[in-house]
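Same chain, two partners: chain A is paired with chain B first, then with chain C.
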Partner chain A sequence: MKFKINRDHFANGLAQVLNVVGSKATMPILSNVLIEAEKDQISLTTTNLDLGIRCKIKAEVKETGSVTLPVKRLAGIVRELPNVDVTLDAAPNHQVKLTSGGSTFRIMGIGKEEFPPLPEFGDEKAHALEQSELATMLKSVAYAQSSDETRYILNGVYFNFKDGKLSLVATDGRRLALIAKEMEIPADGSGAIILPAKTVGELTRLLDKGAKVKINFNDRRAAFQIATDKDTSGLIDHVYLYSKVVEGNYPNYQQVIPKETHQRIKLERELLLQCVHRAALVCSEKSNSVKIKLSSNLLEITAQSPDFGEAHESMAIGYSGPDLQVAFNPTFIMDPLRALAKDEVFFEVKDEVSPGVFKTLENFVCVIMPVRLS
Partner chain B sequence: MAKVRILPDRVANQIAAGEVIERPAAVVKELVENALDAGATRIQVEFRHGGRSLMRIEDNGSGMSRDDALLALERHATSKISAAADLDSLASYGFRGEALPSIASVSRFELQTREAGSDVGSEILVNGGKFVHVRDCGRPVGTRIEVTHLFNSVPARRKFLKTDQTEAAHIVQCVRLYALACPRTAFTLIEEGRIVFRSPECSTLAERIAEIFGRQTAESLAPIEAAEPGLRLSGLIGRPGIGRATRHEMIVFVNARPVDSRTLNYAIIESYHESLPKGRYPLAFVFFECDPAAVDVNVHPAKREVRFRSEPQVRSFVIRSVLQRLRELGGGPESGLRRPDGFQAVPAPLAASQATLPGRAATVVAAVPFSSSAPVVSKPPPPAASPSHPVSAIHHPQSPAPPAPAWRFLGLAHGNYVLFETSAGLVLLDRRAAHERVWFERLRDQFRVGAVPSQRLLLPIPLELDPIAAALLVDRLKFLAAHGFDVGEFGRNFFRIEALPTWMEPGDAEPFLRDLIGAFRDGRLPEKNADLAREELARIAAAKAIRLPDNASEAESRALVAQLFATPTPLASPAGRPTYIELNHGELARRFHK
Partner chain C sequence: MPPVPRPLPTIVHLDADAFFVSCELALKPELRGTKCAVGGRERGIISSASYEARACGVYTPMPTQRALKVCPDLVMLPHTSGLYSKVSRQMFDLCETLTPIVQRNSIDEGYLDLGPCGVASAEELERRVRVLQRRIWDELQIPASFGLATNKLVSQIASKLRKPRGFVIVPPGTEEEFLAPLALGKLPGIGAKTEAALAANHGLKLVRHLTARGDNELQAIFGDSWRDVLATARGQDDRPVETERDDAKSYSQQETFFTDISDFTEIERIAKRMVDELLPSIRADGKRVRTMTIKVRYPDFTQESHGRSLETATDLEAPFYPLVEPLLRAAWKKRRPLRLVSVRFSGVDDGAAQLEMFAQLDEKRRRLAGVLDKLNASRRDAVVQHGHQLAKRRGVS
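On to the complex of A and B.
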């Protein structure tokens, strides 16, 4: 195999696939990238068996073929090469010669045979979305995923294609975020998956390359084809992301979203975020909660820690309901506020034991459970 | 000098009873065994006041003719063996013909029985060993024995009985063991008119375990099946990483007989050495089968123990088999369960674990050992690790900085040991131990002040318990609520955790509460002594529920040292382990032969 390639294109391609390497010491090949050259492009593939990424880059292919090389090292070298023209030449014994200007590297590779192929998809359920839209939706809920690996069902974002809409849901058992978007869902296209947290992270990172993203899935796995029509640094066609899904039953989220509204207040998102952020500065591991107090046209936020002191913030709001107070973990308030883009959010509360609910006008709901002193 | 003479039967019976019938549960055991021996497919056990005032065992087995029934009450009357050689090929639980006369000699004993083919049943009443009457009675085929006023005639025995609660727990445990041994027989257990459990005929051991110990426990198990010439091990064992704080869910049977075998218990515990953290016990419901001649049950007068003719062979067979199975199941330490990649299928459904029944009738051993994995006697609480100090709403403020030693951070070893340079030499800090000390003080203060912040859950966590554990929990719901846990009862033996202390991850709640119930059971959180209970709760929480932050940067390590030295006893963890060790210059010089 032999090809000539633009250094920055090569580096960009490697950067796309770099994060996915296997940790299994028993399969060292999983820390390699599979490089395949055909016609006028090369493709780069990495996988950890649960998750895999492949992208394609323009190249001047002199001799088709393939090899695998340690991806971290290779990416580090390519980035630093002196000349924009790079040639890669792999001998049949997998010895690779990399040249650029006056530098030459000889790297020992491994043959393609041991590299586990990324499964290709056949006739699974398929949907297409705007990349920017999916990115926004993922960002609106991803923070609520559980990072507690003992609750693996919650270590991901739930995608539910059903009844004319796509809903994304994430929860850690104490709070839940949901965003929905109306779209046409053919009868054979409805279904749901739990996309693992790591895949969510990679997907979010990749979703800025072009207009469309295509999703295919079945009960065990999902694949995303991310168009690269906006990217100008050598990527062609699309980036292919393959992932196993978390198998199991996602909790019934509809059931925990309060149906009735008690006190609804309109809030300036940025302002509330800043107030809570400042109040939380006095919180400690021992007492990590902020108290929200509502009274006539006034919202007060207080926090205190026995070792340090206390904070008091106040905001003028439109409110004429009964006085009430309720405490929350400040992170649970700040996370959705940070993830949203709208200037205004609605916040609904009832009493000190009932959930607080953030809403926006575009099908977004975030339910957070309060903290109480017993 | 007294003359040697033959004891009257009644006295001999009482002496035998002293050995065999030491407590109410032993009566239940003997009568349940008889029912099983009689081929019953349905057995109902009912008792009151820990068995002291009533035990009634009813079966649908073969029943007895009047003559047989009268004979059965004679000493050494048995239908099960006729010659000593039969002992080696025994297919029944009983063989000595001692149980009925022994029980009848120390209680008011009423037997009703009817054989198939006979149109009337017989009722025999014996009181304190004295025959009262025999007469006709109507009843379905089978036998019912009612034992009341146990040990009334033997005050010395009565004195040794524990509280009703303890005796009841032994009876429950006993019936459970036989229910596990014979899943194909339907069991009902009733205490004070209330059903403790009712288990219909089950086709597999896994189903029976789910009936008695709850689905959650059943789903934590995987089948095991191993054989070597003359030895067989089958049943269900806990998946790697899933452990318990007590041995109550480690149950072994030898040739279908529940026993307490040190050899088997230790072999199983040892097999889990790599798969469970220290101090945790495996879950195991295993049947060990071997040639009846290779096991000796006449070891101890109370027959609790069995001994194998070739202990090392049995031990190595069990360890090899369990280890092999654990390896197949992907064993690792408890942390290995925290699936590093977020994948892994849901626990195998129950149906997949089709553990088959050991053929009970084919191989059953002589004698009457009785498993002692019943409730445990309370251990003395661990020594208080620190003297109490004055309470106030505001505790040792962290600024101005506490007198933390001027240690220079050098690095982290194995994720847990932080190395510091000190003026005196080198210090190795155990992060885990230091963390436990810091959190122990923190929680104890919180508990004392009574302000425990509690995070409500959006998705309550289900908790399914066995009846004893459920009863213990119900009694402590208030105590738990005062310490940040809101647990609600949802039907028989079912609970939902609705709120947790803020420091606990939801994923830790279920195992933590199970551990806590284990501690209740062992009497480590005495209901009557709130201070002691709170302190123990803080100790368990600091050890089990507080997760070590992954981040051990220099800043984090320094903060930990500062917090540690702000506690009244920074040198030891609440469990008494050192938090750090110091290698001074002298020691270093000596080691390097300077």
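On to the complex of A and C.
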């Protein structure tokens, strides 16, 4: 195999696949990138068996073929090469010669045979979305995923294609974020998957390359074809992301979204975020909560930790309901506020043991459970 | 500086007599008057002996085997787990009907301060404490000895003076006089060895021998602590009765087996029972715990332990049940029977509790646990148990 490639294109391609490596101890080949050269392009593939990414870059292929190389070190080298023209030449014994200007590297590779192939998809359920839209939706809910491995069902984002809309849901059992978008769902296209947190991270990172993203899935796995028509740094066709899905039943999230509205207040998102952020500066690991107090046209936020001190913030709001107070983990308030883009949000509360609910006019709901003050 | 004399001996020391045995006798009154003791049979030790058994030379802590030699007709009673702490709680609850200032020193012993109770005379004071002594007997069938004095030191010595069912009043101002004829070993801090050494080397046998010596001499004998020793010998003490207990850092329970056990399911059942017995006290303290540690001990006294933490602290039994088996397997690696198993909960949390969304089940469990705790606390013998506690009956009944 031999090809000539633009250094920056090569570096960009490697950057797309770099994060997905397996543990070196069990299968050393999983720390390698599979490089395949054909016609006028090379493809780069990495996998950790649960998740795989493949991208294609234009190149001047002189001799087709393939090899695998340690991806982290290769990416480090390519970034630093002195000349924009790079030549990669792989001998049949998998030894690779990388030249650029006056630099030459010889790198030991492993043959393609040991590299586990990425499964290709056939007749699964398929949907297409705008990349920017999916990126916004993921950002609106991803923070609420659980990182507690004992609740693995919650270690991901739930995609539910049903009844003419796509809903994305994430929850860690103490808060839940949901965003929905209307779209055409053909009868055979409805279904749901839990996309693992790691895949969600990779997908979010990749969703700025072009206009469309195609999603295919079945009960066990999902694949995303991310068009690269906006990317000018050598990527061609699409980036292919393959992932296993979290198998199991996602909890019935509808039941935790309050059906009735008690006290609804309209809030300036930025202002509330700043107030909660400042108040939370006095919180400690042991007393990690802020108290929200509502009274006539006034919202007060207080926080305290016994060994440090206390904070008090106040905001003028439009409110004429009864006085009430409720405490929350400040992160639970700040995360949705940070993820949203609208200037105004609605916040609904009932009493000190009932959940608080953030809403926007765009089918977004974030339910946060309070902290019971002792 | 001598303590300010109090007009009334309002500091009361309560010391239950042969507490574990008394708890057992309350359930088995037919054994009253017999030589009996609570303790592990086979390789265990005596943890409490009836006064009849003590008369035969049984003392605590004495290896059971030896006790059975000196007193062959000794009736051995196995430990009834959970019973003693429950009776203790009831006993101190009765004390708190007399005064809110109650210091629980241990399971069977504590101090009461009747100072702020507005008692007008020494007679009235005595009457009230005697009523308490009678109530503890009438309601719990626990005999207890009382010492009344102006401070903790003297009241404690007084309560132990005429056991069982003692009632000793040391009138204010007579503390030194009261202690003077007593053996030095009665003073706290002077153990059997020190007592023997003081008698042999310095001719000090009674408290009055000590108070009679000059300062220089006492300094030579006791070193830097001579002033404290002298103050103690004179019955001087100004420590207050403290109601605040330090918050528990952990909750634990252990059991030494009747005979070594090699049956895994049996040990697992015992460990689960400990979980069932510890969580109610954690709930009663308004705490939650996060980490469970299981310790096993082999017959040669080598031991191994293993612990694991939940993601969040809880006050329910259910989240810990699934940890019992893996922790026990991790701790019990040698293919040998066990002599002892213990369960310990740490990572105690009493802060504000984050509420959960999908926790309707937990809320149901919490309500159920609350009802069970109430039921079990109102009766002396546990009335409701988890099914896994019934698996197999063991030991003497």
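In this section, the second predicted complex is superposed on the first by the 372 of 374 C-alpha atoms of A that agree within 3 Å, B and C clash if a C-alpha of one lies under 4 Å from a C-alpha of the other, contacts with A are read in each partner's own complex, and residues count from 1 in each chain.
Criterion: a contact is a pair of C-beta atoms (placed from the backbone, for glycine too) under 8 Å apart; a residue touches a chain by one contact, two chains touch by 3 or more.
Small disclaimer: the values here were computed from a predicted structure and weren't measured.
Touch criterion met: A:S287 reaches chain B and chain C at once. Of the two partner chains placed by superposition, A:L361 touches none, neither chain B nor chain C. Applying the stated contact rule after C-alpha superposition, one finds that A:R174 touches each of chain B and chain C.
By the document's definition of touching, neither partner reaches A:A187: not chain B, not chain C. Here chain B and chain C are compared by how many residues of chain A each touches, and B touches more.
In the superposition on chain A, A:A316 contacts neither chain B nor chain C.
Overlap of the chain B and chain C interfaces on chain A comprises residues 148, 150-151, 171, 173-176, 251, 256, 286-287, 289, 327, 329, 353, 355, 367, 369-374. Considering their complex, residues 286, 311, 350-359 of chain C touch chain A. Those residues of chain A lying in contact with chain C across their complex are 148, 150-151, 171, 173-176, 251, 256, 286-287, 289, 327, 329, 353, 355, 367, 369-374.
Within the complex formed with chain B, the chain A residues making contact are 23, 48, 50, 146, 148-153, 155-156, 171-176, 196-198, 244, 246-249, 251, 256, 285-289, 306-308, 327, 329, 353, 355, 367, 369-374. Here chain B touches chain A in the complex through residues 337-346, 393-399, 442, 446, 451-459, 461, 481-484, 486, 499, 502-503, 505-508, going by the rule given at the top.
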